[in-house]
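This is the structure I have questions about; it appears just below.
Per-chain residue numbering starts at 1, and chain names A, B, C and D are given in the order in which the chains are listed.
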Amino acid sequence: MKALVYKGPGEKSWEEVPDPKIEQPTDVVVKMAATTICGTDLHILKGDVPEVEPGRILGHEGIGVITEIGSGVSQLAVGDRVIISCVSSCGRCSYCRKGIYSHCLDPEGMAGIGWIFGYMIDGAQAEYVRVPFAENSVYKVPDGMTDAEGILLSDILPTGFEIGVQYGHVNPGDVVAVVGSGPVGLAAVMTSRLYGPSKVIAIDLDDARLKRARDFGATDTVNSGDADWRDQVLGLTDGLGVDVAIEAVGLPGTFTMTTEIVRPGGNVANIGVHGKPVELKLNELWIKNIDISMGLVNTNTVGMLLKLVAEHKLPAEKFVTHEFGFDQMLEAYEVFGNAAEHDALKVLIH
Amino acid sequence: MKALVYKGPGEKSWEEVPDPKIEQPTDVVVKMAATTICGTDLHILKGDVPEVEPGRILGHEGIGVITEIGSGVSQLAVGDRVIISCVSSCGRCSYCRKGIYSHCLDPEGMAGIGWIFGYMIDGAQAEYVRVPFAENSVYKVPDGMTDAEGILLSDILPTGFEIGVQYGHVNPGDVVAVVGSGPVGLAAVMTSRLYGPSKVIAIDLDDARLKRARDFGATDTVNSGDADWRDQVLGLTDGLGVDVAIEAVGLPGTFTMTTEIVRPGGNVANIGVHGKPVELKLNELWIKNIDISMGLVNTNTVGMLLKLVAEHKLPAEKFVTHEFGFDQMLEAYEVFGNAAEHDALKVLIH
Amino acid sequence: MKALVYKGPGEKSWEEVPDPKIEQPTDVVVKMAATTICGTDLHILKGDVPEVEPGRILGHEGIGVITEIGSGVSQLAVGDRVIISCVSSCGRCSYCRKGIYSHCLDPEGMAGIGWIFGYMIDGAQAEYVRVPFAENSVYKVPDGMTDAEGILLSDILPTGFEIGVQYGHVNPGDVVAVVGSGPVGLAAVMTSRLYGPSKVIAIDLDDARLKRARDFGATDTVNSGDADWRDQVLGLTDGLGVDVAIEAVGLPGTFTMTTEIVRPGGNVANIGVHGKPVELKLNELWIKNIDISMGLVNTNTVGMLLKLVAEHKLPAEKFVTHEFGFDQMLEAYEVFGNAAEHDALKVLIH
Amino acid sequence: MKALVYKGPGEKSWEEVPDPKIEQPTDVVVKMAATTICGTDLHILKGDVPEVEPGRILGHEGIGVITEIGSGVSQLAVGDRVIISCVSSCGRCSYCRKGIYSHCLDPEGMAGIGWIFGYMIDGAQAEYVRVPFAENSVYKVPDGMTDAEGILLSDILPTGFEIGVQYGHVNPGDVVAVVGSGPVGLAAVMTSRLYGPSKVIAIDLDDARLKRARDFGATDTVNSGDADWRDQVLGLTDGLGVDVAIEAVGLPGTFTMTTEIVRPGGNVANIGVHGKPVELKLNELWIKNIDISMGLVNTNTVGMLLKLVAEHKLPAEKFVTHEFGFDQMLEAYEVFGNAAEHDALKVLIH
């Protein structure tokens, strides 16, 4: 089959590799109908994630059809159309039993936890992929759902919802601010509306992205390049700050922004993947009765989000701005890697 | 009356001052039976809290008898023996209605919020004190409770319980670590046992304090001066870290310790009053699904803790290591200010 | 002034009575701009609530302007336009401190708890009303809000939201069923949408009411007169039942309906005021891991709902189907008392 | 092997039957070291549970050693000493993913859900037992734990804790009442102490059982045969009732008792298995803001309770009052079936 292979820092190739096959009784093999690219893939390609070895097939998002099942698989069948979850989980360890699938203890000695596709094992930017612990790690696609809708359930929508909205404890009537209007920030904007907020404020440096944020459900926008951006945000509240501030960038500066706009008693929810430590002003914050959460998606809301997408209550398909064939994989990377220039959000490769 | 007056950085005096009197219909005046000193008072005296003006009577903890009530007070009477709460609250603003008394919006224009005694208004290290919003800010003392028991309810016990144990979400079976074995750390140790933990690990640099921590309910102790202190802590868990790590010191280093021992999916609860920013290693922590909480005590568990102390289910009196008369106020400060030398925890001035 | 006075079972009168005046320092007097009638008022008039004495002015909902304030009132002023909450609370007893205002311990010895207007003290169907504990019991009306919007905040909207939606633990993606499409049932339908449900099923015997329920946000309707009504409801789920079943009638039969359609692990939330015991089939239900809640509104979400109504996120004004002048009070009762005939929901008397 | 076989209403036999063997890849076979008898077994024997077919081996509690594993089992090995959970669960259906193992959707078409041992499939009162979905349904026994300790984890301790204490939302400082001092009631008494209650009141008709309840952690006892039993209970509170009332009998009268002693805002948690409907006085209770929960144990706290028992923080072994050999199975039934006469609680058959 063909696959996108990491060849070491800065190097990738769309090349012929051996087909995956069943290795464990709980595996399935999926023929991919569509996959996509995530910011994390770009990080790996830059060499920022040294534990990824050259030769690894990248990608952790996708939708496809099961072509083979392991001997221990009874609830899935060849021919099932499924969404691949970015997090794999055994379903029986102490973390899985608490629903913290992101920290599955991985009892079979498989390297890595939770997120393994395109990281510790071969991933989804390929014509076929092997899925371990399949019954806990794929979701059957409801009839009528398109690939463009379904692929958002692999990672982006549950990440924005679980790590942004749920960890941030958004409640009806809240004012929510989301710093960063990239895919995961927009997923937080869109899904925060499930909890009846009073306002959802999108904050970004790019007016084009802010304009798009309104289309995803933001009620207000603030350009953080403005000198008075913080006053603008506070002016959209009762003056005390927002109830929930969600970080969806992954830089020290954007994290600090969230702590500067959250009200006493409020919540900061970090979704961003950070490469550096940040300075936390505990000298000012210790007295504010705030809560700072962070984490990798558990994907335990995928089933629920899938239902709402199928019922057209969440317009997931809006995320897909560009489409490519599998043999245009390198072009897709080119567009996604220069997202601003191409006004790209998510690229669908099918 | 006599009172302990802040005279500017480094200066204090036990001197004659005018008696307080009712200023608002919701005030009461209390004749103090006992008061105590908090680490915060030492900070103010050093000049670390510049918003405190010279001339201010210090102290925010105490127990006494009501001698006068305002015209709007109907649920308290002259002669009632009451505990003064370190946090004042109006009971009717939007924060109070959510139980976040620490951020009472202070609608009458009184400077400061929540904590005002010995800070924005005259405090409790005096023979008499005026208590604003009295019906929301004092607690009647049950029969048979001693001053030494009751005074711990002003601040220490609810702070350790609410900000350490409750914000840290201690659950039955958890392994809890408390960094710092001073009064508030020991309050967290003692009250964490209300949630049936598996282990409570006290961590401190001082073996004498660790020995005392065991008397307050710690099941295990680790001296953080040991090079392998972290391994010792992890060795008391399943190797993945503690469920809840409570910071009760207020220094960057001790805060960092909590983030180094918390397990994925666990909680860090900061109680310490910090004077400097800390470095938060979001590059390592973003993926750990942890939660970091912080805040000023709300005192909304005082009624419950009072009941347990009265029933001798929480041995609050253990905190009092030294006793003084009111006219020995300066000696009390001397002992508390050199707590290590005197092996002092809380001093009772009565 | 003129007021609607209960004269004993079956008897009422719109008559001249003495103006109310300040009795306690925490009282205010409000000149009513608008009031309305509740089903409870009809029960009282029938004599079903014998503790209500003849001579009592009825009504517990209203909006108006403060004309007089007690000496202990500092956060309200003459001229403030306010909504009167159907529940009065002292803000300082142990129940109020937990936010359970409906069970305020009423420390001043006032007869009754929580709900007292038009029950234990004179109510709001009058030109003026005295409001005890005013600072905890009225809400300032935001600029631009109409009387028709504001009056729904006195009782109907918070009751539907708190006792139906919040006690029922509605979550994003849930299927919610509301039995009964009267005012409080429709309030539950409308406010359940704040938690992003998948479906909201209105169930009633009257097709006209079901038609209206769609206008209030129901996604589906089932006529409970149909022999297969239960199968229709289950057919709108995955076959296992609804996540949350809300009772908004107050009869044994409608309560039983909720227990027949709730799925294992789901919630039954009773809002209805019941006059008789019900049979609970614990022999079938003990194994279903369901939760049955009930209660009087606490009104602690009024501030939040007020904000959403002011922002036109909740179309509260839809509830008002008929309007009358104060001097048409008896006609208003005639219409509301025969609501089905007049297709009436809430009547606004102003 | 030998097993206790249900032969139809009123008939049982300890007889030779075929050894169980692996049927599914996720099965294991366990050689029983110890088993016990539950009240449910007596109900089945009386013919109260008609869906149990003659020929069924009874019992759903036990501890033993794995002798055989299915091809899909990787986390368990032959020789592992394990506790059998009374609830079986697949770990991958939508209910399992929410931790509601008691309502596992049983995707392989196995009859029954959650509880199946000694009900829909052959049970644990035998020399060997086949365990389906073994990796989600057994727990490895820590070194040093005795059979008498471990067997309580199969059902009694998690049932009392999850359905009584957790569903009842016991909190520090609460007054808890447990109606019924049989094994499951005593499990609720013992485990309620994990949440730091102020008082745990055991209520029963039998003074001998009440005496034993004190040994299990009850702080107070009330004999419900006393005419003033309710006043006695209220007298142990502030007069308003208990915070949490736990039903551990399963009769209409004992259920009604819990609703008569719960305070406004409190919780009723039903553990009892009921054979008849009960009358619920909604006419009195609708206004009380109480919550009534019920359900079958999910066993998702077994791991935690196991840890506390291993650390001797829960003296589980106290439940075992009588011991028998496997060949004395019928005598064990005789003693357990006449528990009052023999002062029996749990019988250990090993």
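Observations
The rule is simple: a contact is a pair of C-beta atoms (placed from the backbone, for glycine too) under 8 Å apart; a residue touches a chain by one contact, two chains touch by 3 or more.
Computed from a prediction, not measured in an experiment: that's the story for all the values here.
A repeat of the A-C interface exists among C-D, A-D or B-D. It is B-D, with more than half of its contact pairs matching by residue number. Between the chain pairs A-B and B-D, more C-beta pairs are in contact across A-B. Work out the mean CA point of chain B and of chain D, and you get 42 Å between them.
For chain A, residues touching at least two other chains, in rising order: 98. On chain D, the positions that touch chain C within their shared complex are 95, 98, 100, 102-103, 167, 250, 252, 255, 264-265, 270, 272-283, 285-296, 298. Of all residues in chain B, those touching chain C in their complex are 24-26, 71-72, 74-75, 90-94, 96-99, 107-108, 135-136, 300, 303. Residues 172-173, 193-196, 198, 301, 304-305, 307-308, 311, 313 of chain A touch chain C in their complex.
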